[in-house]
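One structure is given here, and the rest of the page talks about it.
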Amino acid sequence: LAADKAHAIKAVAIVHNETSTGVTSRIGEIRRAMDRAGHPALLLVDTISSLGSIDFRHDEWGVDVTVACSQKGLMLPPGLGFNAISQKALEASKTARLPRSYWDWQPMLRDNQAGFFPYTPSTNLLYGLKEALAMLFEEGLDNVFARHARHAEATRRAVQTWGLETVCQHPLEHSNVLTGVMMPAGYNADHLREVILGRYDLSLGTGLGKLKGKAFRIGHLGDFNDLMLAGTLSGVEMGLAFAGVPFTRGGVMAALDCLTGK
Amino acid sequence: LAADKAHAIKAVAIVHNETSTGVTSRIGEIRRAMDRAGHPALLLVDTISSLGSIDFRHDEWGVDVTVACSQKGLMLPPGLGFNAISQKALEASKTARLPRSYWDWQPMLRDNQAGFFPYTPSTNLLYGLKEALAMLFEEGLDNVFARHARHAEATRRAVQTWGLETVCQHPLEHSNVLTGVMMPAGYNADHLREVILGRYDLSLGTGLGKLKGKAFRIGHLGDFNDLMLAGTLSGVEMGLAFAGVPFTRGGVMAALDCLTGK
Amino acid sequence: LAADKAHAIKAVAIVHNETSTGVTSRIGEIRRAMDRAGHPALLLVDTISSLGSIDFRHDEWGVDVTVACSQKGLMLPPGLGFNAISQKALEASKTARLPRSYWDWQPMLRDNQAGFFPYTPSTNLLYGLKEALAMLFEEGLDNVFARHARHAEATRRAVQTWGLETVCQHPLEHSNVLTGVMMPAGYNADHLREVILGRYDLSLGTGLGKLKGKAFRIGHLGDFNDLMLAGTLSGVEMGLAFAGVPFTRGGVMAALDCLTGK
Amino acid sequence: LAADKAHAIKAVAIVHNETSTGVTSRIGEIRRAMDRAGHPALLLVDTISSLGSIDFRHDEWGVDVTVACSQKGLMLPPGLGFNAISQKALEASKTARLPRSYWDWQPMLRDNQAGFFPYTPSTNLLYGLKEALAMLFEEGLDNVFARHARHAEATRRAVQTWGLETVCQHPLEHSNVLTGVMMPAGYNADHLREVILGRYDLSLGTGLGKLKGKAFRIGHLGDFNDLMLAGTLSGVEMGLAFAGVPFTRGGVMAALDCLTGK
């Protein structure tokens, strides 16, 4: 950015929580780096898989556009998308020349003033959203975030005990929403996932892109508690045994120790 | 029975699976003992908590009246009761003088011939029953019974590893539906149950009668799988730690080993 | 009662709303008649099909035992029964010698003090009951009763217009919960019901006992509104035409006029 | 089209069923007119509010792109969109220069070959779709279309009896999905809608654009039967009376006569 004296760069676009790997970006620090560079680029953040699970501060972090959705931390089926938009982004959109139609903010802002949608709204999901928000606020957002952090920590303890590695290597960027796990060389992650789905009715995430077959992902987000995590990790531990993957037993016990504060 | 030369005893009444302790009676052997005594008493069996979870053979075992319900192995809300009745019991009921009204078989048998009920039937539960039976037959009754047996065995391994005792002492009479667990002397089972319910949203059964406060019960029946059992046992193991009950860690790991055939 | 100087009669037992005919008894007047006779008999009232639909006053009318249930005006599946019991009835039950077991009040009263049930309670129906009561109180019981009265009046206008007779003949005893309708001589009510069920997916009540085949019943209770009544009466009016029953068109229009206050 | 010798016109885009007015276009005849003109324009048809309710023939009518959705005749919540695409349209899309991203066919066609979606699919709606299609095929598409036609005809009879006019004036283009109704001059349609919603919990469609306040719309599509139509029309007839709109009583009766074949 510092090198971009002509301000040709219009926006810094970043994913808050990278679903395919289990890496969480430090948005606040990125904002501070942009500020230090004194660059006017907009900050656009994808919070698809973090909102409602990991702390995120649109205003405090000076984010210009936050993109979110219904189907992750908000615990709903897919079907709703949300944008939080700064005044600066709104201004920029007036002169922007990128094509847009359905995603244009103006018809939405205009109709929302009278309580309407410009298109057919997903009414049933709006009722669901009302309830999802009530659940989050009843638990308390700080408690929700702390719960996700505890489950992520316990999961990493299990992975470590099994003698496996997490995809994420940076200690400050482990995701609290999911944990990507590398397979030992020569063992196929999708075969393991198939064994676990067939035996335990437990669906793990596949490795994406260059991690295809080499990693699998354990989700620990949303309407989730300690015993669901224990069940999930038990499924992975038993699946590793059945699939003939070399590993050290005791991951679940390590996770339970972590959850009980040992 | 052999001593009852006058046949004053009219019936042998027995519970197939004793819910309050986790003990399963050997109905077939009881039948054979009755036969050896040559006594004409009716054999009445309560299968409330066994039907659909533990093998039971009304005809083969010569049971005269089997009493069952909707809310255990049939996986429904409470609200339906079932009776299987031998010809001998039906005959006996015609001359019996015990008072009865709602529970009388005759109006039910009469109206059922035309497909009706003598009283307002619980129609919604009948739809549920249809689906529950479809689920049981899709899995296969033998598989259902084997699944319950595996889960009971794994649970006992966990209990043994924790250094606790099961309420049931007879190796041939352990229940496949639930496991009653004795607390160490001086520790209150209901306090443990309260800790586990509060922390893990896991509701264990209380000790009943003289076991009040001295034992708790782990259910492992119905629509239940390996990971639900792992989650359940994890809740007990963590709860024992939080409640300060002396125990040995590793019960969950022992159960997982059992489930994976080690 | 006046003739029963020896007080051999122990109770006056009466149905508040007779479901099989559509007749509502005047409980308050019966109470006053009992009082005038100075007779100590208990007053037992079955409110199975009236509670929550027609005004009923256990205390004000001096009823000793009120019997009610979940599946009519309380808008739930069958499965719950309720008793309201006067001190006098409770006293009487202590010396009564009629056999009872499941229906005995004592175990229920004893366990309820600690918030328990003596038997497996229908927990899901208790949650439903909570919601049903919330619905009734949100609408307001007076409004609920007035709504049932309006629908009953509109239904009778339709029946009158069709040239048919209601089963109930006494103008003070028409039920607000259902209307029994007599078929013209020579036409079978069950055939009409079959036609209407097949064509319109509308299930009418059958005539019971000596009314079998001679009358049908239109229910207008519970979670029910003006348009559901209009749809129901439209089904009957079209069904009468299809079944070839002689009648005069315009019943639905008369009902709509009634509902709009003409 | 005949005048467009240079073929500057790339596509004829048309709505099959116009939701805002209740007018159905004759797609087959439009196709034939295009063929007579010998013009190569693509035929693009919006079947949002017709598919599953009014007969539509993508192949037989030579439609190039059909656009459909989940929330009308397929009886689901909003959230799914469908495209049927001719080979000719697919070819044209390869050289077309209109911007597109989410709506691009290529990623969808590519991933669908392996049974995947390029984006997060609305899995729950796909389960719903499976059931909706089963319902339509169980009834039979011809019966479904005939049912919609009967209900539309009965609705028009009611409107005519009330002395009101339908928005659609062309006898060949009345919609079978909804009927737009003009208010008498000086009476506000949205006031009538408000009265009906408040009194009868019946939500009618508003007039859109230049019909705002001057027309309302009665929907009669999807999972809908004779008695639901009777209830709907009864709500309108009573609402007209309460709102003080001049009209002639008897619309519901005329509709019932129509439904019974008179």
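Chains here go by letter, A, B, C and D, matching the order in which they are written, and residues are numbered from 1 within each.
Here is the rule we go by: a residue touches a chain if its C-beta (ideal position, glycine included) is under 8 Å from a C-beta of that chain, and two chains touch if they have at least 3 such contacts.
Just so it is clear, the structure is predicted and the values come from calculations on it, not from any experiment.
Student: Both chain C and chain D are touched by which chains?
Tutor: Under the touch definition, chain C and chain D have no mutual neighbours whatsoever.
Student: By CA centroid distance, what chain is farthest from chain D?
Tutor: Centroid comparison gives B as the farthest chain from chain D.
Student: If you average the CA atoms of chain A and of chain B, how many Å lie between those two points?
Tutor: Between these chains, centre-to-centre, one finds 43 Å.
Student: So the centre of each chain is just the mean of its C-alpha atoms; given that, what is the distance between chain A and chain D in Å?
Tutor: The answer is 39 Å.
Student: Rounded to the nearest whole Å, what is the centre-to-centre distance of chain B and chain D, using the mean of the C-alpha atoms as each centre?
Tutor: 56
Student: Two or more other chains touching the same residue: where does that happen in chain B?
Tutor: none
Student: Mapping chain-to-chain touches, which pattern fits: line, ring, star, complete or other?
Tutor: Contact pattern: a closed ring, each chain touching exactly two others.
Student: How do the chains pair up in terms of touching? List each pair.
Tutor: Touch list across chains, by label: A-B, A-D, B-C, C-D.
Student: Can you tell me which positions in chain D touch chain C when the two form their complex?
Tutor: Its residues touching chain C are 199-202, 225-228, 230-232, 234-235, 237-238, 241-242, 249-250, 252-253, 256-257, 259-260.
Student: Which chain B residues qualify as touching chain C in the complex?
Tutor: Residues 69, 71, 77-79, 99, 102-103, 120-125 of chain B touch chain C in their complex.
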